[in-house]
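Structures incoming, each one as structure tokens.
Across the two complexes that follow, chain A remains constant while its partner is chain B and subsequently chain C.
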Partner chain A sequence: MSDPVPLTTDRPVQEASSTPPAPGRSRRLTDRGLAVAFISPALLLLLAMSVFPLLWALYLSFTDYSATRGGPANFIGFGNYTAILTSAQVHTRALTTLIYVCGAVGLQTVLGFGIAYLISRRTHGRGVLTTMFLVPMMLSPVVVGLFWRFMLDAQFGVINSMLGSLGLGQVEWLTRQRTALVSLIVVDTWQWTPFIMLIALAGLTAVPKYLYEAASIDRASEWFRFRTITLPLVWPLLLIAVLFRAIEAFRLFDLVYILTNGGPGVSTETLSFHVYKVAFLGFNTGTASAYGILMVLVVIVLTQLYLRYLNKLKED
Partner chain B sequence: MAVSVDEAVSTGPARGHAPPARRFGGRGRSVLEVVLLTVLAVVMLFPVLWMIETSIKENRDVYAIPAEFFGFKVTMDHFKDVFVAPGGGRSALSVSFLNSAVVAGVSTVLATVLGVPAAWAYSRFSVKAKKDQLFFILSTRFMPPVVIVIPIFLMYRQAGLIDSKLGLILIYAAFNVPFTIWMMKGFVDEVPAEYEDAAMLDGYTRLQAFWKFTLPLLVPGIAATAVFALIFSWNEFVFAIFLTSSDDVRTAPPAIAGLIGGTTTDWGLVAAASVVFALPVLVFAYLVRKHLIAGVTLGAVRR
Partner chain C sequence: MRYQSRMGRKSVTARKVQLATAAMLLVATTATACGDGKDDNAKAGAPKAPATIPELTKDPLTLSFIWFDWPPAQALEAFANAEYKKERPNATIKVNTVPNANWHDAMFTQFAAHKTDFDIAILDSQHIGEAVTNGNILDITDFVKENIDVEAYNPYLLAAYGQFPQAETGKRDENASLYGLPLLGDTWTMIYRKDLIGDKPPQTWDEMISVAEKCQADNPGVSGLAFHQANGSDAAAVTYNTVNGVYGGNLWDAKARKIDGVLNDAAGQEAMDVLVNKMKPLTAKGSGNWFIDEVNAAVAQGKACIAFNWIAASGGLLDPKQSTLGTTREQILDKLGFATLPSQKTNLVPLGGMGMHVSAYSSAANQAEALNFMEWFERADVQKKWAAAGGVPSRTDALESPEFLNAGPFNQVYTDSVPRMRDMWNVPEYARLVDIENTNVNAALNGAKKPKDALDDIAKEQQGVLDSGSRKGGDGL
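Then we have the complex of A and B:
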């Protein structure tokens, strides 16, 4: 370690290492070999475990294959796709998913940003506060789902008990159509508000102080400062967080499975949950694959959006 | 609670240099903000506290109406039930915790061994269409697990990997490799490439330069990355529930979820199992709190 380090500050030597053409070329060749050797194992694993399954699903989506019936898979063209896209059942699930994603991500953004803003105005105890707020995010959705199911129980749940002692009526949180979806949104918001908060806080603390000082010399109002300094500077980062959460919320499965199991009726069945039902309870593997591919297309669009903004953020 | 008191006291002097005319309003607002933050913190932490409380309550207190917040008898029976089977010996839950540790541990090692060299190569060399490759790698991590699990299930059925730890390890490693590459690329970018150039001038090969000089500097980053991969695998549920079924393979998340299957649910046991399950995650997350933003955004956002 001690030997090579002084060399790094040695400008002429370093330039010399990159200028001579002959050794440079031979080195680059071995570099390429090394790069391939280092990258390909990881890519191979991804190809085998992510890309190949997706291609297989793509193939199955054009067939009437069923995992339980077995037998040969008959090619049926776009039959599965038209069946899904015209199905009223799927439309209902798409609407449920949309309400859920917009509701949960919207609430998280407002609350998360609000908490981050309040924390960023504190001068003391920021670390402790942040740590406390972050706990829900680190828990497994299984634990979160189970626990809220217990707390929201209509008979002995602590939420109804508290409502009772406040003199309010009991609510059947998870067993009524409307409240079940609201409960799902509330629980997801509880778990993921810290995520938005964490990223918003990073954005807020990165805003240079002198901007605020300059604004206060100009006697700018608080709202004006927020609108013209804080928001424009935090917005790009916040947008990344929102898109990230939207993708995650769109593909959510475990919380629904644990908290409501899609019920009551089909009121909390999201698209992910419906795919599971088609694939593992209905055993229509072909249809489920087509359904899954359509979901993947949505995710790819969202991911592209996310990556584009990420790229923009990195280049700034 | 202690924090809020602390805050209220400390904000006085901090706001002291505000213009005198607005001082009073400023303090009133500051108090309001502290109150608001306290209320929000209580709301956020209450479910966690309630879970811990439930895990140490006796059964009749667990189902008490109205709910008992204080003054219940403390018992450790539920925690005993998590680890010890009713007839003595190991409980199914404790076996599932062990399985979780094995699966999460091995898949993390695998993802690290594959991901760290790849991250280094992406950081140091001019790879063809590097940006596209990196974006492709990250986008595989965003695929809906419920969709991936259908073909994976068929694949595993062919390969005999259904209901095996190896199957879970492979899929978890594949899910953690994109994260490891993105997270580690950030850490490698922070180590000047000049160190390696200098070492190579001293006669080391590129590989030796990586091994001897860059890798030791990356150890803290590797540790943080591995901890996140460990947390992701430990918490994972979807693949676990579809790809495993028997008690000696099943990991903890589906095992804990399985506790509520029957007609009556022992919520005290569920709470105790959840506490045991969540505790290591919280400890680990606290250890890597410095890298939390990069970790939870899968290495995409760094501050």
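Then we have the complex of A and C:
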């Protein structure tokens, strides 16, 4: 009489891995070969869609090539890079982008963390509240831009209508130099605060409860607990969220395109929007490639510095 | 143990093999992406279309156009499918549309790829230079000689929608090459509230401003003026160019390729002063980003005494469903009047509209069909039918026909405006020139720049674009 067949497979994994290959499997198809076969499609796609365009853009950035004019791509050394780095137009856009990134990410961090902190203290309805706050993040930026454009319209928009009913005057949200950039920051904050909130909430819920209990026994104040327990433990995670948002904000294009088209004048033109104009209005592909490469370099360098700070924070 | 050996240091041979494979993949990807390299060495300049229409296919065929999304695009597709199909039952017309702001990019990114999903590009008159220089559209000079009655048109209309190099305002150079034929004529019309300012439209620009001023003061909640101010497309630029023309200014000296010192001369400065300091205060608050739709909305909601808009986009104003001015077309027309633009030092008006241009990258069968369509479209009887269907024709006989003049209250305005038209620059650098002008005029209109500074910046930056041929790097900045 043979042994009964076990109904569960609770044997150690090591035993399963030592099982010889099935009789039908090719002798040539080793584990390594199988791994390569599985990875190849993704690798090819990555090479074709990311690595090649990046290298090609790097090559074009040293030429005067234009995608529409055709003709040979003449090598001009660092001509494009020098022109970009010394251009007053680029400096103006860089300043606009910097103000935008600092304003939007700063506001989102404060609001996102604040909302997360308040939600984390609730015991009932936390799931519903979190889901509701996440809705803006799930919308397309183009859709967000379009409905905010209608809402912020000085003549027909609901925002000015509400201000009017409160006895306040009309505000030209999108057509004045100061308010246009503020409007962009507000719309971006409305959409992306939930992202910071989500990460901060994950950090807040991961703080061990016994620390708070110990603090309570020591009769520590609410502010003391926040300053010495909550904030230090959530801070590294929050900084990662800030990093992601800063990179996203740095390459902002869609909201500018829909809401202000860079106006009034060029006062809300960000670096990405300017690259778009250089690339597609005059099809100056060489210059646009150099511009793009410089933007990537800025992001990489700043990210590296930021990550070093994060690591140092972790070690401390 | 197997696991450990895999995670260990690879042999030199294995690493070499991996590096070689990666390099081969990169080379293969590069070769695939770059094609055979013929494109890069292709000689610039437009290829020629045959003088006679080649034999047409009997197989089902879709003739595709590309245009921006506005009522004439839908009208063209409906009209062509109803009428052209009677002659060519196997052909279907498809007018692909994109938002106005993406129109140039949608066409020229496909031209850049040397592959288009359209057979006929509907180019703005100013796009022709860029398309011709890059060899994107067919040279139809010989085709026009054989198939089109050029005497049937105002010479400037034929030149504006097809000729390159650009014609002198009001003229046509018969020795120049043609790259397109008129599809839709257009210019600005002055739309005025007859019930607020009277039946007689203002005759001069200064009079128009004072009438608008009085109307605004007499009618709280209604602004004196509504016009294009946005910094997208060519909105603010056309507005300034119109005022510039009326006050005797010039956009450039085409022969000397000189803008700085021409655009910002005394007449140009006066035009900018009139626009920013006299006209802008009469517009609605927050109208600094208005374009076609917003101006139409202001008129339809009774919020403007006098407005300026393209004729081809004005049809919706007579639709009672979209208007608060009346419940029938007649009631609306009791309140709205349409007139040619007032004159001042000159009587120039902006040239709008677009022509049909055959893509150089379309298949031979579709190019033949496109030429046949163009020949059909420019016939006298078809032009009149196009007028009756809501289009704006270009043949003089169609422009003066009852079919056209009775089709809309603004059509007489177009016919009267034809001899007064002036275009912008039709050069390959057009897209950048218009962007410089748009952003600076928009900045002046919205208080981000002083009018004089804005005009001087336009002149200086545009001159820089025209002179940038010898620059080594940084083109487009």
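Here is the rule we go by: the second predicted complex is superposed on the first by the 272 of 316 C-alpha atoms of A that agree within 3 Å, B and C clash if a C-alpha of one lies under 4 Å from a C-alpha of the other, contacts with A are read in each partner's own complex, and residues count from 1 in each chain.
Basically, a residue touches a chain if its C-beta (ideal position, glycine included) is under 8 Å from a C-beta of that chain, and two chains touch if they have at least 3 such contacts.
Here the structure is a predicted model, which means the values were calculated and not measured.
Legend: residue contacts after superposition of the two complexes on their common chain; A:174 is shown touching chain C, with no touch to chain B.
Once the two complexes are overlaid on the shared chain, A:80 sits against chain C while remaining clear of chain B. Shared-chain residue A:48: touches chain B and chain C both. Of the two partner chains, chain C is the only one touched by A:264; chain B is not.
Using the contact criterion defined above for the overlaid structures, shared-chain residue A:70 touches chain C, although it does not reach chain B. Touch criterion met: A:154 reaches chain C, while chain B stays clear of it. Touching more residues of chain A than its counterpart among chain B and chain C is B. Residue contacts after overlaying the shared chain place A:281 against chain C, while chain B stays out of touching range. Under the contact criterion defined above, the residues of chain A that touch both chain B in one complex and chain C in the other are 32, 43, 48, 51-52, 56, 67, 155-156, 257, 279-280, 288. Contact residues of chain A toward chain B in the complex are 1, 3-5, 7-8, 13-14, 17-18, 27, 30-32, 34-35, 38-39, 41-43, 45-46, 48-54, 56-57, 60, 67, 111, 115, 118-119, 121-125, 128-129, 131-151, 155-156, 158, 161-162, 164-165, 190, 193-195, 198-199, 202, 206, 237, 240-241, 244, 247, 250-251, 253-254, 257-258, 272-273, 275-276, 279-280, 285, 288-289, 292-293, 295-296, 299-300, 302-304, 307, 310-311, 313. Residues 3, 6-7, 10-11, 14, 33, 36-37, 40-41, 44-45, 47-48, 50-51, 54, 62-67, 114-115, 117-118, 120-122, 124-125, 127, 131, 133, 135, 137-140, 142-148, 150-155, 157, 170-171, 173-174, 177-178, 181, 192, 194-195, 197-202, 205-207, 213, 216, 231, 234-235, 237-238, 241-242, 253-254, 256-257, 260, 267, 270-271, 274, 277-278, 281-282, 285-286, 289, 292-293, 296-297, 300-301, 303 of chain B are the ones touching chain A in the complex. By the touch criterion stated above, chain C contacts chain A in their complex at residues 6, 25-26, 29-30, 32-33, 39-42, 44, 101, 104-105, 108-109, 111-112, 130, 133-136, 230-232, 284-289, 297-298, 303, 428-429, 431-432, 435, 439-440, 442-449, 454, 465, 471-477. Residues of chain A touching chain C in their complex: 32, 43-44, 47-48, 51-52, 55-56, 64, 66-73, 76-84, 87, 89-90, 153-156, 160, 170, 172-177, 257, 260-267, 277-284, 286-288, 290.
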